[in-house]
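One chain, subunit A, appears in both complexes that follow, with subunit B as partner in the first and subunit C in the second.
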Partner chain A sequence: MLEVLKPGLETTIQDFPGRLGFWEQGFPPSGPFDMWSHRLANALVGNDEHAATLECQFLGPSLRFQRGAVVAVTGADMAPKLDDLSVPLWESFRVRAGQVLSLGPVRIGARSYIAIAGGIDTPPVLGSRATFHMAGVGGMDGYALKAGQVVPIAEAEGTLGCRVPEEFRPEIRAKKEWCIEVVAGPNDDWIDSAGHEMFLSSPWFLQAKSNRTGFRLGGPEWTFSEVATNKRPEHGQDPSNILDHGYPMGAVNLCGQTPIILVVDGPSTGGFINPYTVISAAFWKLAQSCPRDIYRFKAVSLAEAQGRRRHIDAICAQAVSG
Partner chain B sequence: MIYEEPQFRPGGDRCIEAYFGDEMSFDLNFLVHSVVRLVREADIDGIIELIPEMASMQISYDPDCISYGDASREVMSLFRSIGSLESLELDSRMFYVPLFYFDPWTRDCVDDYRKTIAEKEWDGDYLVRLNNLESLDQLKRVHSASDYWVAALGFWPGLCSLMPLDPRSRLIAPKYDPPRTWTPKGTIGHGGAITAIYPDRTPGGYQIFARTPMPIWDREQRLRAFQDSLALFKPGDRVRFQPIDREEYDYIDAKVRDGSYVHNYVEYERFSIRNYHAWLATLDETERPF
Partner chain C sequence: MTTIQILSPLPGVFYRRSAPGQPPYKEEGAPVAVDDVIGLVELMKSFHEVKADSAGTVTKFLVDNEEAVVAGQPLAELDG
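The block that comes next holds the complex of A and B.
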């Protein structure tokens, strides 16, 4: 059991791959935003990659362990400490009963993952422990952690002294500019060639009003093709309006002139076009970036997107060495 | 129009969008649900889930099990096996939804919007004026006269898009601009040609004029109707609104609160598009009986 002393800014329970099978009714998959760091955290403590971890955003929590456990912290650097001593990222270590693990304000990146051997053992809702706090589903009573709560942990021995070598970690640096790979579509035909050129050559900045639902971008004006400007009235008045359709994970959703990248807790459907979609292998970069960071988008083929995804899968399967 | 064959477009490396046409029509939506049913029954290895929408469906897939090309081809061949639209039938549950028209809570919500965001005509009056109706009473009669088709769910858990099956009940309304920051749980709203039930207190943009005490989503799964799912409706269900007064609203609300409310729905009906078209042909749309 874990006692929450300080909850941090918004610390949620997330499992991988999240809540599948209920998207049709409006429940997004949720799950860890940086799936790469989540999976490595689990691998370090000997958990299955599906086990639930804590996702900490920008300011981490302080947690008192009511019994001993094997723990690992991955992802963003929030200077984790065990009582008063620093503990390393990307390594498994032992916590004794009564000790306090605390993560501070983020120094590099945006999201840290805390895995505990055995995994977090809250009751699954619709097949998943992932928190979808917008609707109060999953996690601890539906929402982010609150001070005073006690988080149940399943029993497991765990694997001590494991480490992820540097070359297998996502490259989370204090950089302010990221290259984000996208696949064209589903609605790339609604944008004219000048619009495509503009999107792929311009720097886009991440606005502060961004969260696990959507990442709001600032940048130049879009221009549209005939498909967007000469359409049936039921699509809506704005060039970016389309008859309600599904929203894929990672969609670059164009609302008027504002692109919003729809991420893990994003809406399932709606009436705006998605000219591009961020590939799953680039999600960790979104998860580890901060407001005012700059994105440059690079169009890749579907085959390249699949190759990059398989590469990360392979790393997660073999990265941990004891 | 309804396309001769669906158009497949990639949505990143894990989703496919299949567009079946570009119009808002019952026939097109029925086609979407018919294809969705076939794809579900085929149980194709690697296809994870489907989101039916107005004129399209989203397919999410596991790229380690099936490629974009193979998944699209499988769906295309199922589409080709469908035959004529007229021959299609779908099981369709009918839900009876008690509705308190022109209730005080949605009025308060509109008043709050006028005070804090923007001045606007009260939504009930606005709908009457836009749709050339005589009175609020007629709005209630017209709105509650038709059965509604659950065309799609989404955006928010349980939020449903309802299409009137009786063309004589078709109403139009623009959306709020800017949108509301809150809407009471259970509010009925109308935007474009679609009626929606707000499952919870959420932001919103539809014109609002009624409220149901019957929950359509329950994250605690207290009532029996939510045993298997947090959301009540599935696409392809139908809804019939039953006007109630304040007294009945309070009675139902109390039953919901003490956990004894039982949702009223029937599960024995099958919707035939041929029969529906035949019925439409008998209607004189210029004569509104209500």
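The block that comes next holds the complex of A and C.
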């Protein structure tokens, strides 16, 4: 059991791949935003990659362990400490009963993952422990951690002294510019060639009005093709309006002139076009970026998108060395 | 007199006022008590208050209104 002394900023329980299969009923997948770091955290402590971890955002929690456990912290650097001593990222270590693991304000990246051998043992909802706090589903009573709560942990021996070599970690640096891979569509035909050129050649900045629902960007003006400007009235007045349709995970959802990337807790349907879709293998970069970071988008084929995902899957399956 | 810095607890965008058109929380030269709000940091669609953890007088703000900040960045200096 873990006692929450300080909750941090919206620290949530998440599991991989999240709550799949219910999107048509409005449940997004949720799950870890940086699934690469989450899976490696589990691998370090000997858990199945589906075990639930804690996702810490920007400001980490302080947690007292009521019994001993094997733990690993991955992802963003929030200067984790065990009592007063620093503990390394990307390595499994022993926590004794009564010790306090604390993560502070983020130094590099944005989201850290804490895995505990055995995994977090809250009741699954629709097959997943992932927190979707807007609907009060999953997690600890539906929401982010609160001070005074006690988080149940399943029993397991764990694997001590494991480490992820640097070449297998996501490259989370103090960089402010990221290359984000996208595939064209589903509504790329609504944008004219100048609009495509503009999107793929311009720097876009991440607005602070961004969270696990959507990543709101700032940048230049879009231009549209005749599909958008000469359409039937039921599609709506603005060029970016379309008759309500389903949204893909990772959609670059164009709301008027503002692109919003729909991410893990995003909406399933709506009336805006999605000219591009961010590939799942690039989600970790979104997850690890801070407001005002710069994105440059690179169009890739579906085959390359799938290849990049398989590459991360392969790393997560074999990266940990003991 | 010692110089004390107030640090941003979070990365995000710094605001010196509670809403557009409102006066700043603190002008330079104003007295500050412990737990007084000196500004807001916007992050994840929320505004988080930045509070002074020491008393003193604001000598200067080190970042502009609506400037992006990183966690731990000094926002203002106090003489206290």
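The definition used in the following text is that the second predicted complex is superposed on the first by the 322 of 322 C-alpha atoms of A that agree within 3 Å, B and C clash if a C-alpha of one lies under 4 Å from a C-alpha of the other, contacts with A are read in each partner's own complex, and residues count from 1 in each chain.
FYI, a residue touches a chain if its C-beta (ideal position, glycine included) is under 8 Å from a C-beta of that chain, and two chains touch if they have at least 3 such contacts.
Fair warning: this is a prediction, and the values are worked out from it, not measured in the lab.
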| item | value |
| --- | --- |
| Subunit A as common anchor, with subunit B and subunit C clashing or fitting | fit |
| Partner chain(s) touched by A:A208 [first = subunit B, second = subunit C, both, neither] | second |
| Which of subunit B and subunit C A:G246 touches, first, second, both or neither | first |
| First (subunit B), second (subunit C), both or neither touched by A:R232 | first |
| Comparing the two partners subunit B and subunit C, which touches a greater set of residues in subunit A | B |
| Partner chain(s) touched by A:R292 [first = subunit B, second = subunit C, both, neither] | second |
| Subunit B versus subunit C as contact partner of A:G21, first or second or both or neither | first |
| Minimum C-alpha separation between subunit B and subunit C after superposing on chain A, in Å | 14 |
| Intersection of subunit A interface sets (partners subunit B, subunit C) | none |
| Subunit C to subunit A touching residues, read off their complex | 9-13, 42-45, 48, 68, 70-72 |
| Partner subunit A, residues of subunit B touching it in the complex | 9-15, 17, 19, 22-24, 48-58, 60, 63-64, 68, 152-159, 161, 192-193, 200, 219, 229-231, 234-235 |
| Subunit B contact footprint on subunit A (complex, rising order) | 20-27, 125-126, 135-137, 142, 183-187, 231-232, 234-235, 243-251, 267-270, 274, 277-281, 302, 305-306, 309-310, 313 |
| Residues of subunit A defined as touching subunit C within the complex | 9-10, 57-59, 105-107, 110, 208-211, 213, 290-292 |
